[in-house]
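Shared between the two complexes below is chain A, which has chain B as its partner in the first and chain C in the second.
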Partner chain A sequence: MKSIRIKWHIIVFLAPAVLVYTAVMIFPLFNTLRLALYTEIDQTRVFAGLQNFQTLFGDPRWSESFWNALGNNFWFFFIHMLVQNPIGIALAAILSHPRLRFAALYRSAIFVPTILSFVIVGFAWKLILSPIWGIAPEIMDTVGLGAFFRPWLGLEETALTTLALISVWQFVGIPMMLIYAALLSIPEEILEAAEVDGITGIAAFWKIKLPLILPAIGIISILTFVGNFNAFDLIYAAQGALAGPNFASDILGTFLYRTFFGFQLQLGDPHMGAAIASAMFGVILIGVCIYLFGIQTRLRRYQF
Partner chain B sequence: MHKARQNPLHVAAAHGALILYCVIALFPVFVIIINSFKDRRSIFREPLSLPNAESFSLIGYQTVLEQGDFFLYFQNSMIVTVASLFFILLFGAMAAFALAEYRFPGNTIMGLYLALGIMIPIRIGTVAILEMMVATGLVNTLWALILVYTAQGLPLAVFILSEFMRQVSDDLKNAGRVDGLSEYRIFFSLVLPLVKPAMATVAVFNMIPIWNDLWFPLILAPSEATKTLTLGSQVFIGQFVTDWNAVLSALSLAILPVMALYVIFSRQLIRGITSGAVK
Partner chain C sequence: MKRTLRLAVLMTTTMAATGAFAQDVTLTIESWRNDDLTLWQNVIIPAFEADNPGISVEFTPSAPAEYNAVLNSKLEAGSAGDLITCRPFDASLSLYEDGHLANLSDLDAMANFSDVARSAWTTDDGSATFCVPMASVIHGFIYNADAFEELGLSEPTTVDEFFAVLDAINDEGSYIPMAMGTNDQWEAATMGYQNIGPNYWRGEEGRLALIAGEQSLTDEAWIAPYRQLARWGDYLGNGYQAQTYPDSQNLFTLGRAAIYPAGSWEISNFNAQADFAMGAFPPPVPTDGQECFISDHTDIALGLNPASDNADAARTFLEWVGSEEFARIYSNALPGFFSLTDFDIEQEDPLAQEFVSWRGECSSTIRSTYQILSRGTPNLENETWNASAQVIRGAESAEDASARLQEGLESWYAPHQ
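Moving on, here comes the complex of A and B:
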């Protein structure tokens, strides 16, 4: 005897979440992809096919900014991978040492920058690195490096890298915590077995622990990738919507913001904005797919 | 089983490295806060010394409290964060319960559909979100922000909470059913109290990104009456760039509430990150 009557309580439980999620997240996402195919002529919306993308990738006035922002975004991500993850792993490795005193205190202190808003972080570093205030040059003077000080945020060659390092400073707590958790989940027996075989200290880290925490490093990498490719706040707070000097720190998020809302003499253009958002969606999707199918499946997972 | 693995030299090196990094992590915050209590001359003359009787000054805070509506901004941030967390937890837990408890056609697909949003940032849809908020008249209201943050938080909330709800014992729920409790009563009075720790984890995860977000307040609710603390301090600092006392005080005031939240919830946050997120 099968009951065909609708189970209303299931619908009641699911409806609010599904409705809000669909209406405010999924529908606008696809609507943005759709809007990228339209353009505005005489204040009416007309279908334009892939013309916006042609403009974005081909028209030198647009494509130059786009490739600049995309390239900068990859550099931003590259610095994160190169600096943030090794520092995070090193801190976690030290913290996970058994019987280390004050470990909880260190952990909380190192995590503090992560909870601060980009506005605070951006301005605080802007002030500290400012040649007017002189904190950074003074500190460098006391360690004898005073001659190397430059107004890094104001120079085209160094602005983007400096911002990436500020972002690393802010977020290093997250890889540290995740790696720390992964290190703690390695069973003591494995380490003891290695010790019996004479593998201890640094060697134990490279040969035993590092291979075991590779999946956690993979997760951190994809989280960093997605976070970096929709980053905006830090650069907007520190350098403004123009992502100066001379667009040297422009990334996709700031480029989208400027295009969507307009700046200086250029009017805002929601359709070109949608095209840039679609391009960002494409980049993130490719990154997530590479991770899911190319990296995650190949990482060996160990069940303890 | 005791082994002499502790080489005192290594221990000292470990503490040295950690202390060095803690200084790097805390130094900027420290510099901002101590200088916010000094007069303008001392800020420039001795930026690294603590405020003393001679250099102590609250002029920056005075400017901030007179010129900026920081209490209003704080209140807006509070309303948005608390309301969003409430809806994320309520709707998320309900959906998670449906997915974990009942077998119905489309269960797996629904789970995957709701999980999509974990990896795709909601910012990609901004153009259409703004258009929708303008059309519905929600632009420049706190509701616009609450809706967006609820949608943004739901995928991970459903994912984490349904994992936990699968562990609630079936016997308990069936005993409730035998006693004639409705499915709603089973959810609200039997299951919800048991997944409180998981709810706390989800809340703490979502709290900080919502409080700190600049993008959506800037785009959906930039009016004076709806500015959040993050946007309010951004705009204020932009206007007062040359008034160093005011800028430093505004930064300190913006740091204060997050630090308070962090001190209260840091245990939960750290436990949440180290337990749930690695899988």
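Moving on, here comes the complex of A and C:
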């Protein structure tokens, strides 16, 4: 007879993290999901089932705003994947080159914007790109490109892309750092063995290093995905809650803010807001699942 | 630490003993007027405190764009101040209905206000008034008088003259004809559409007809202002699409732009910033000699948080806010915010006097989208911001924009269905 002994020390050590995480993350999450199932009639909260979701996806006005925000969000993510990650990888590859001088200086300089507040970044770029006081028009003038300057943040076609590129500028340091670390962890012997086989320079990067850092790139992609679909601050700081012009830069975060808290004469609707938040949660959950089950399981890992 | 504590204990005991300052309370005011912080601290509050020992007042504003969201969260959480600055119409009405504003109909000071002045803070059936009206703002155009003199221009009275003036400034080339951007959107609606519109829809007559469902936004009177706005785009500065509200203010006060589509609330800021002479003209009328209308919008009031522990002191303050003394101090400390009381208040500032003088020549109305029409989703006011900015940018025609707004209104507002 062997009685099962409760391992108290495990419970004791896990308790603080579990309690704090439950109180500040899990409980609010489920409460938001619950809030989405209610509505308010005459100042009293009544259970409404999936009616909020029906409005969100069924009502032409709500669904138009929602799909517009979701589409914009995908474009925002697409620009990040297309620009931020390749640049991050390239920078990391250059930085890890053993003969590069002042590597530490470049590394910090590129990483610094990441720790700046969104408000500062949004405000600084708004000033830089301002057609009235900005330095962008003057710089472009001096190199003879003055005719190509446009008030990018104010035009429907370019506002979102401009904001995405500003965000890329701010966060390119993160993929750079993660991939830089991954590159440094590749043992010298492997590269030397490849050199013996005649694989050097650029070929060594494509054939040896890139396959070895793929897991890091996967992690970065999923971090970018979650970050982009939760994004709000930069758009709000640069364009305000109406995410102009004509909602061209409206993403799920700003749409949620306007709905939940209200805007100017529009009163806040916490229940519709919670429905949007649940939809955002769903989108991110699906994205993360696709990554976890579709991509990560297929990535090969190498043990050194 | 210990000493101050002992001192405090000593002081409280002496005060309790004398009994003269039995109630020593601090009232906190929630507001979105962060521009007025110094005026409240240096002029308005000291004037009140001098007459009312024992009550001290703190003015704690937040940023205008965040005010409603911040205030609602604070009220829900029970951490809001004693006195609450009221937005006009539905935002405050819903606060009253939710029990976050007290009924103030029994204040003696309410007798100093006309029904129109109270309309923005009274229930639909007129039974309760829940905020003490403080001020209204008047729309019009402020211009650089030195520039007008230099170019030999005079104040336009009709729309044709207005565009002739803009053309003249444009052709001469040293000034941007008009300082306004579409980045923040609200200027396009507030200083654009709501500024020039009343002349087309004949002020209150058209506004009330729209609420009653007798007129629609696709009527000529409501499309015409958009047609005029569509022509504005050519006279705004380079890159106006990305120009923000502070950009526009600075362009004008730095003397780079000649005309500024304005609300009277700009006056004190402009007086401080601009070093040239300024003048103002009311929105030009479409046909010569017609009756003129101005937007004289009930904008700001002060209400009482029922959860306040200092309700008696707060009511004392509110009685004072409705008095002639406050009206005189407030409208002269903040030229451009015109008192809504029935008292005859002399304006010391010439520009403010110019604005308020239009009340005598033209009929007053309030912004068309504020009462009742912004209750549903889509919100007509927010849609008007978007439509006005779109029309100025040339991204949407006046007819399409009006049709879109009308369709939105019809989707929830019974009188239009």
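The definition used in the following text is that the second predicted complex is superposed on the first by the 285 of 304 C-alpha atoms of A that agree within 3 Å, B and C clash if a C-alpha of one lies under 4 Å from a C-alpha of the other, contacts with A are read in each partner's own complex, and residues count from 1 in each chain.
As a working rule, a contact is a pair of C-beta atoms (placed from the backbone, for glycine too) under 8 Å apart; a residue touches a chain by one contact, two chains touch by 3 or more.
Fair warning: this is a prediction, and the values are worked out from it, not measured in the lab.
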*Can A:Q264 be said to touch chain B (first), chain C (second), both, or neither?*
second
*If you stack the two complexes on chain A, which partner ends up touching A:F281: first (chain B), second (chain C), both, or neither?*
first
*Which partner does A:I199 reach: the first (chain B), the second (chain C), both, or neither?*
neither
*Can A:I94 be said to touch chain B (first), chain C (second), both, or neither?*
first
*If you stack the two complexes on chain A, which partner ends up touching A:E138: first (chain B), second (chain C), both, or neither?*
first
*Can A:F111 be said to touch chain B (first), chain C (second), both, or neither?*
first
_Output check: A:H9 vs chain B and chain C. Expected answer is one of first, second, both, neither. What do you get?_
first
*Touch check for A:M177: first (chain B), second (chain C), both, or neither?*
first
_In the superposed model, which partner reaches more residues of chain A, chain B or chain C?_
B
*Touching chain B in one complex and chain C in the other: list those residues of chain A.*
133, 261
*Can you list the chain A residues touching chain C in their complex?*
43, 61-62, 126, 129-133, 137, 149-156, 239-242, 244-247, 261-268
_Under the stated contact criterion, what part of chain B meets chain A in this complex?_
3, 5-6, 11, 14-15, 17-18, 21-22, 24-26, 28-29, 31-32, 43-44, 47-48, 87, 90-92, 94-95, 97-99, 102, 104, 110, 114, 116-117, 119-132, 147-148, 150-152, 154-155, 158, 182-184, 187, 208, 211-215, 218-219, 230, 233-234, 237, 244, 247-248, 251, 254-255, 258-259, 261-262, 266, 269-270, 273-275, 277-278
*What part of chain C is in contact with chain A in the complex they form?*
65, 68-69, 72-73, 87, 89-91, 94, 97-98, 181-186, 237-244, 247, 251, 369-370, 374, 377-379, 381-382, 385-386, 389-390, 393, 395, 408, 411
*Which residues, counting only chain A, touch chain B once they are in their complex?*
7, 9-10, 12-14, 16-18, 20-21, 23-29, 31-32, 35, 87, 90-91, 94-95, 97, 99-102, 106-121, 123-125, 127-128, 133-135, 138, 169, 174, 177-178, 180-182, 184-185, 195, 200, 216, 219, 222, 226, 230, 232-233, 236-237, 253, 256, 260-261, 270, 273-274, 277-278, 280-281, 284-285, 288
